[in-house]
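We call the chains A, B, C and D, going by the order they appear; numbering starts again at 1 in every chain.
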């Protein structure tokens, strides 16, 4: 079997397309953002990506029908003469081994390169280890020109963060992208790192949509964010109370947060 | 060496064959069911599958003769004009790495595809974490038509189970099977998950044999199930007693259950 | 780089050669036996085997000169008209991953097959978990005829041992050997499993040399065995004393045993 | 994607070049030495090495610009008629799996072989597990002639050290180098193994530069060494005090040492 198997679902010639990547990771921020963008734009399926570097797993839908774990490319064609098309990469998993991460990223980039992609935005969370009221969007880019442009768009370039660099798909899509002569930017939404974080995803999308020149409705994402806030508050209150009464924290309800979004 | 090595043992043209897969897993339910079906039908060896993704191990029989760990395909030809042949896949292990699982499944499916397989049944256990008196058979399938058909045959399609999807061969044979244009169903027998469970295997086979239109004798499997029941009861009694007398549970005898069947 | 790299050191046509394998494992019994046989027979280097499935390591000799970890084939040509040549496989490590074990074994067997090998003896230890006064030699073989022949030579074929089969090179060389139409026998010397065991190696070699029709001097191996006995006795005495005086066992000196032989 | 990808940055014909390798490892001694040599000589970039056997990671510079983790070859051309060129290999990581270590080393050696390299010096730390006042430089080599030559240059060849051999790149570059008919020497600076050790790197470079016939300024390295000394002293004092007052050692500040250099 091919290490990475890309199944085209549509044949289409794209207009100078831009790739937006958002896969599961810290606070699921990147995935939340990419999935929300895809849904709001009504992007259409372009290709499904299977790989032996994903877990050997299928999901079962509520209808009882299975689908194999995958990554997926969708495309969006804005109306308007000079508009550029968007490619959105999302999915269930990143590769589960280092080699797998390299292989999958390389193969997807190769595929996108053939579709004409020369520009990449990768979306990720940046774990701060504390509650973030107003998440900033940190950045990293492939060139000084991109750094400048993104700084003007509101992205924060910090001398110290992220100290250990970018690990996983969000970094590799930029790093390996350079081998395909793609320029790119990583947008990292600050997040506590403790639970899925739609507010951080929103912060990223506020900037990204402006940069890309697309308009989406943020209502659903804000609703989700408020829902998380409420649950986080409840847990916080419970922990407060339980630490006052010396009991252990309510671990189970904390875990619930991982399943929202 | 080839990653996966399929040694044909017989040359035969099969009549629109159906693949039944049952490999070791939760409660060994899938393997118990597939092995029992093979024995009762008197299915004949078709091919042996070796792989470097199995453990580097050989078994030694009571006669002192070794055989390398493997998966195995047997075939069964029902009498009757329009009857379809069965292929039964069993074996000692699933692949021991995720990549290995993908590779082995893909190669076996490729082989079966060449034999004309267009339909797959995968057999597995579904761990409920509690004692199951009357195991239901849960299902997952590749199409709505299959879901409907299996529901009529008594299979339960639950909106919530299995929540995390299917992991391992039982899922992959359906997922990758679609790449070979095969349709399929996974039958999951409910089981505690604590020991090998012939009763759960029986529940699966009661439905599967009806669907496949074959008849087998269930006496031996029921005998095995009762044997397990007796042991489980003894352990339960001992634990009851020991918890009353504050001693620790008799872990050793609990382990014995793993070796029956 | 090739997964497995076999560097020939000598060009020679062998006479119906028999392969003897002894690599590190339980009690180092197999390796002790193969190394001792090679030394006593004065077998000559035939090939060195490097592999990326060995640890990334070089050894440094007392003279400061490095050599990469490897397996090694030596050959021995007995005098006498109809005598068959011996190939002895030893080395520093077995492959460190399951896939590696398969790959290395397959490549070495392929190489040996080209040299005309049709018969294999693999040497190993069988851990009994208790002190063994007089180690028996347990066996496993590729055919009933071999089992009978070895039983006559004093090998014990037990219905229950080894219950879990043979794991690692000693098993794979027989299992994969069959794919090269080689017949073979595994000789397992009983050992405690707690330290290197020259006495168990001797038990194996007493039978193997008789079967192969070669004669070697056992003095050095017996000396080594007595040395181990003395150390084991000292540790036993110390433990006896320390358990009487409630101190913990002298773990350090126990570990020393691992470095003798 | 290629397992190992070597991107040439310069086309140049080298004069009988000597390879010097220093990658991260014990006390970071090898990397400190190679990096310092490269900086002091003003060596120029020759090639960048990417690999899927490195972590899937990019670094972000203070300017916000990313670069993928890599190894790197620089070259230095000494003035003077008969002088030989130097190649210096440094980088962020060694391969993170055994197979990866073999693959990367093999590919880099192949590349260097084509550039005419016949001689290799590998630089490493040798952990002694205690504070080293005056680090000796231990050695290992590919031939007796090299051992003699290096001994005259002040390298210590010990019958017992390193007992377990050399693990990782410093060993493999010599071991696999022999397959490319390269001769070589490993220089191991004694170090405690507890923190990065510029003093040990200096000890290596004092000998290496003499052997290579190049001159560098050691001031910066000595400054770094003194800085580490001061921090180590402070920690030692704190631990002294805290053990007198029964508190636990200040683990956090100990860790700081890992980030200097």
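Descriptive notes on the structure:
Heads up, the rule we're going with is that contacts are C-beta pairs under 8 Å (C-beta built on N, C-alpha and C of every residue); 3 or more make two chains touch, one makes a residue touch a chain.
Remember, it's a predicted structure, so these values are computed and weren't measured experimentally.
The chains touching chain B as well as chain D are A, C. Residue numbering at the chain A/chain B interface overlaps only partly, since under half of the positions present are found in both copies. With centres defined by CA atoms alone, the chain at the far end from chain B is D.
In the CA-based superposition of chain C onto chain D, the rotation angle is 90 degrees, rounded to steps of 5.
We define each chain's centre as the mean of its Cα atoms; on that basis chain A and chain D are separated by 38 Å.
Centre-to-centre separation between chain A and chain C, using Cα means, comes to 53 Å.
Shared interface positions of chain C, i.e. residues touching 2 or more other chains, are not present.
Contact between chains, using the touch rule, shows up for A-B, A-D, B-C, C-D. Looking at the complex, you find that chain B touches chain C at residues 1, 5, 7, 50, 52-60, 62-69, 96, 100.
Put simply, chain C touches chain B in their complex at residues 95, 98-99, 101-103, 105-107, 139-144, 147, 157, 159, 162, 164-169, 171-172, 174-176, 178-179, 186.
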